[in-house]
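Naming follows writing order (A, B, C and D), and every chain is counted from residue 1.
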Amino acid sequence: MKEKKLKYTLISTASVFCFLLIWYLIADVFKVFPSSTFPSPFKVATAFVRKLTVTTPDGGTLGKHLIASLKVVLLGYLLGIVIGVPLGILMGWYRRVDLIVKPLFDLIRPIPPVGWIPLMILWLGIGIQAKATVIFVSAVTPAIINAYTGIKQTNPVHIWVARTFGASNFETLLKVGIPSALPMIFAGLKVSLGASWMALVAAEMLASTEGLGYMIQMNRMVGKADNIMVGMITIGLVGALLTYILETLEKKLVKGGRNK
Amino acid sequence: MISCKHVSKTFENNGQKNEVLKDISLEVAENEFVVILGPGQCGKTTLVNIMAGLDHETAGSVTVNGKQVDGPAPERGVVYQKTALFPWLTVEGNVGFGPKMAGLPKKERKEKAKHYIDLVGLSGFEKSYPIKLSGGMRQRVGIARAYCNNPSVLLMDEPFGHLDAQTRYLMQEEVERIWSQDKRTVVFITNNIEEALYLADRIILLSNCPTTVRNEFKIDLPRPRDYISPEFLKLREEISKHVETTE
Amino acid sequence: MKKKFQNSKTETVVYFICSLVGLLIVWQLAVSFTSLQKVMPSPFVVLGFIGQSLTQKIGGKILPLHILASLKRVFVGYFLACIIGIPLGILMGCSKTGKAIVKPIFELLRPIPGLAWIPLAILWFGIGETSKYFIICVSAIVSIILNAYAGASQVDQTLVGAARMLGAKPAQIFLYITLPASVPQIFAGLQVGLSSSWMAVIAAEMIRANEGAGWIITTGMESGNTVQILAGMISIGLVGLLLASLLRLIERGLCSWNIQGR
Amino acid sequence: MSKVEVNHLTKSFGSLKVLDDISFQVNDGDFLCIVGPTGCGKTTFLNSLVKLYDIDDGEILINGEEVDLNKHSIAYIMQEYSTMSWLTVKENIQFGMKVRKFSKEKLNRKTEEVLKMVGLEKFADYYPEQLSASMLQRVSIARAFAVEPDLLLMDEPYGQLDLELRFRLEDELIRIWQETKTTIVFITHNIEEAVYMSQRIMVLTNKPTKVKEDFVNPLPLPRNVTEEKFIEMRNKVTNLIKWW
């Protein structure tokens, strides 16, 4: 078995290398496209280093934009899950809450978060509140859905056992409902993160004075593809990093081998 | 018909050797109903997979009708504990799957399937999907599907392990009835002594891990047998003394 | 408490209507009595506007034609994502070498959100339809590939063993076992892909377009016309809901073997 | 250590009557086995006994008072594995005691006691997914006895186990019952198991479920399955049910 694994890791590294090689060949060797619209990996790398310190053409270094984006996305995301998860749990457990809140939620859910941007900008301007609200809307929906489904999937046998020991309805929710829904809740947190990151990019591209979305949009205006790619790679990396943090958190909290 | 000579099997995962089967030799004659009785989970399914050709023994040899077994072949049919029915095929589709793979024309396949669906008493359910059938009915489809490929040997790996007790008794009677109507060589695996006693011409008792053959019991009670007849209970008591418990 | 309605289906429908009516009333009250009225039109004005715009043109086209333009873009981009994504996902699920080649590159590109491709798409393909198809395809393809891969790689091995025992050859196993077994998971991917496509087309149209649902709400924003924005949002929501239930109907038809029910 | 009285218990799901005017008593420290054909509403019967299902008519008294899950200490062991996968064996066992708010000292003492009782001391920190079927059932039994229940309800707890394991757990249960003198209501479809363990046997009919027969099991403990009198008692019960 050991040499099989080695063979596949070799193939993987080879394929990534070919991907970069082909990219380089098209960009620099054969010059199929002008290098401003299709820069080679090396150009992107140099642009990356340069962008760390230089503020042209979008009025900010990569670090400044990154921090601006992180501030907005974390504000909206945390608000979204702090409200979304408990609401999903209550909707899943208490029938009355389910009957009242769920229809309202189903009314608003189909509107994609991006659709809220114009309304938010009109009401709240292009400052941090508008973007944070849009991100909140995109984060809250998956959090509610996954918490709701997680609670609904609680094993009735466990509920019976708790009730016969004399646990009240609320105590059963705390001791049985939430622990058994934890894996689904974490899945929801990951989906919310993806949705928030997506909404952030859209909001910043549409109306903003800073942030990674704004940066790639400005660089598009001046036609500097290398900076756009730098922005995209950063967005991808930071998104992957945040997801990685969530996964390690999940490994600690979800016990009983249920998060395999 | 089937003969295993000194079959043993050791699994190796990341350096750790785990011997599951140790020097198993057994013979199964033509149209004989042999039950392999063994405690818990250790080794029985591996032995079935080796006989079926899905797995390879690390030592010894397994021959069916004199030919060495080296891969799955339609001459050996398998009935699984979890029935392993194809959820996207109807009962008819499942039973007729073997002939379809062999390239039989549609009309002939339908007839063959119909015959075996009636044999297991499921006529009228041809068009329903497995998800809508009860545990017992799904097992019947599994048996019909194995029979429909007209195997000379039928390997049944704890087919009633997941059924509730009452269905289990009914299914044991069903297998008895089907087998008497359409005799095949059967190797039936179970951990339930009553089931073994009710069905077997001969019981081969396996030990705990690593599995070897402990002893054999020739059962010549008249068929169909009665679970609560005194001889049945005495035999059961005697055999259960030899069975090691698993913990 | 004794259940008033025996059948829970009617119960949820009744509660849905109650909350819809409740929402409209609260909205109307808020608009007519509080300071919200400066910024928010009453629901009936918005609904009236939607009714009106079924015949009257907004920027050269009536509302349904705008929606149609968006739907056309969605279907081209989504269709592309399906043709490329599903085979790629199944390839990754079935063959180890295929997975070793494709998966690392896929993992590199996956974290980049679909909308982040918009500037590059506009640079590469201009502001016409092609760049919108590209964005929609990129936004939808990730979940389609992921779910097709999950479906193909998690086929129950006992089923494969059973098929081999019945004499099925490797090619037959792929055709008669792997594909049907992964259909439900593929549909899960299609469902997520469809909602991402619908979001992507709205975003693309908001950045640069001269027609379509996204265009309606952006021009509404630019001219400060909240009625148009709200009308646009409601129609986007309704069409999104319609698309999702349409796909669910198709799935119910194709995967009837997977549905519990009596 | 309590007396259970059930008078005219009736329950129906919509129009389908499931339990039809059932009345019986279980004295303190009794071991009552309830037998009946599959699908004769045994589980509904148990759940109604502890008000998990609301009942149409009749009353259920424990030591003279209407049954109330907070006042009365009742433990319930089911056929499906009811151990909670996110808790270790020890935490599972302490679940009941924590709900009933045992003092810290009593909690630890009882945990050690029941762990030893079912022989799972070595597995205290394991997670359920690492244990075999019979060990999981032992955890449920330990959890039930830990709260020193007034009444212990068991719904075919050994239905899934191998024969020899079932013999062992049955003997173990009888030993624990003799030590703790808990009142036990044990439901099973397996007549041999009922005759082997019970002080009293109650036979239920098919739906709508009525009490067909309720008699004392005179056989002295420990019993032997192949004894003449045992087989005779077993045949008597079998004829009463005749589903087989």
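Please note the rule applied: a contact is a pair of C-beta atoms (placed from the backbone, for glycine too) under 8 Å apart; a residue touches a chain by one contact, two chains touch by 3 or more.
These numbers were taken from a predicted model, which means no experiment stands behind them.
Chain pair with the most C-beta contact pairs: A-C. When chain centres are defined as mean Cα coordinates, D lies farthest from subunit C.
One finds 48 Å separating the Cα centroids of subunit B and subunit C. Centre-to-centre spacing of subunit A and subunit C amounts to 17 Å, using the average Cα coordinate of each chain. Averaged Cα coordinates give subunit A a centre that lies 50 Å from the centre of subunit B. Contact of a single residue of subunit D with at least two other chains is seen at no position. None of the residues of subunit B touches two or more other chains.
Residues 8-9, 11-13, 15-16, 19, 37-38, 99-100, 102-104, 106-108, 110-119, 121-123, 194, 197-198, 201-202, 205-206, 213, 216-217, 219-220, 223, 225, 228-229, 231-233, 235-237, 239-240, 243 of subunit A are the ones touching subunit C in the complex.
For subunit C in complex with subunit B, the touching residues are 156, 158-159, 161-169, 172, 176-177, 180-181, 183, 255-260. By the touch rule above, subunit A contacts subunit D in their complex via residues 157-158, 160-167, 171, 175-176, 179-180, 182, 254-258.
On the side of subunit D, the complex with subunit B involves touching residues 37-38, 132, 134-135, 159, 162-165, 167-168, 189-190, 225-226, 231, 234-235, 238, 243-244. Per the touch definition, subunit B reaches subunit D in the complex via residues 39-40, 164-166, 169, 191-194, 228, 230, 233-234, 237, 240, 243, 245-247.
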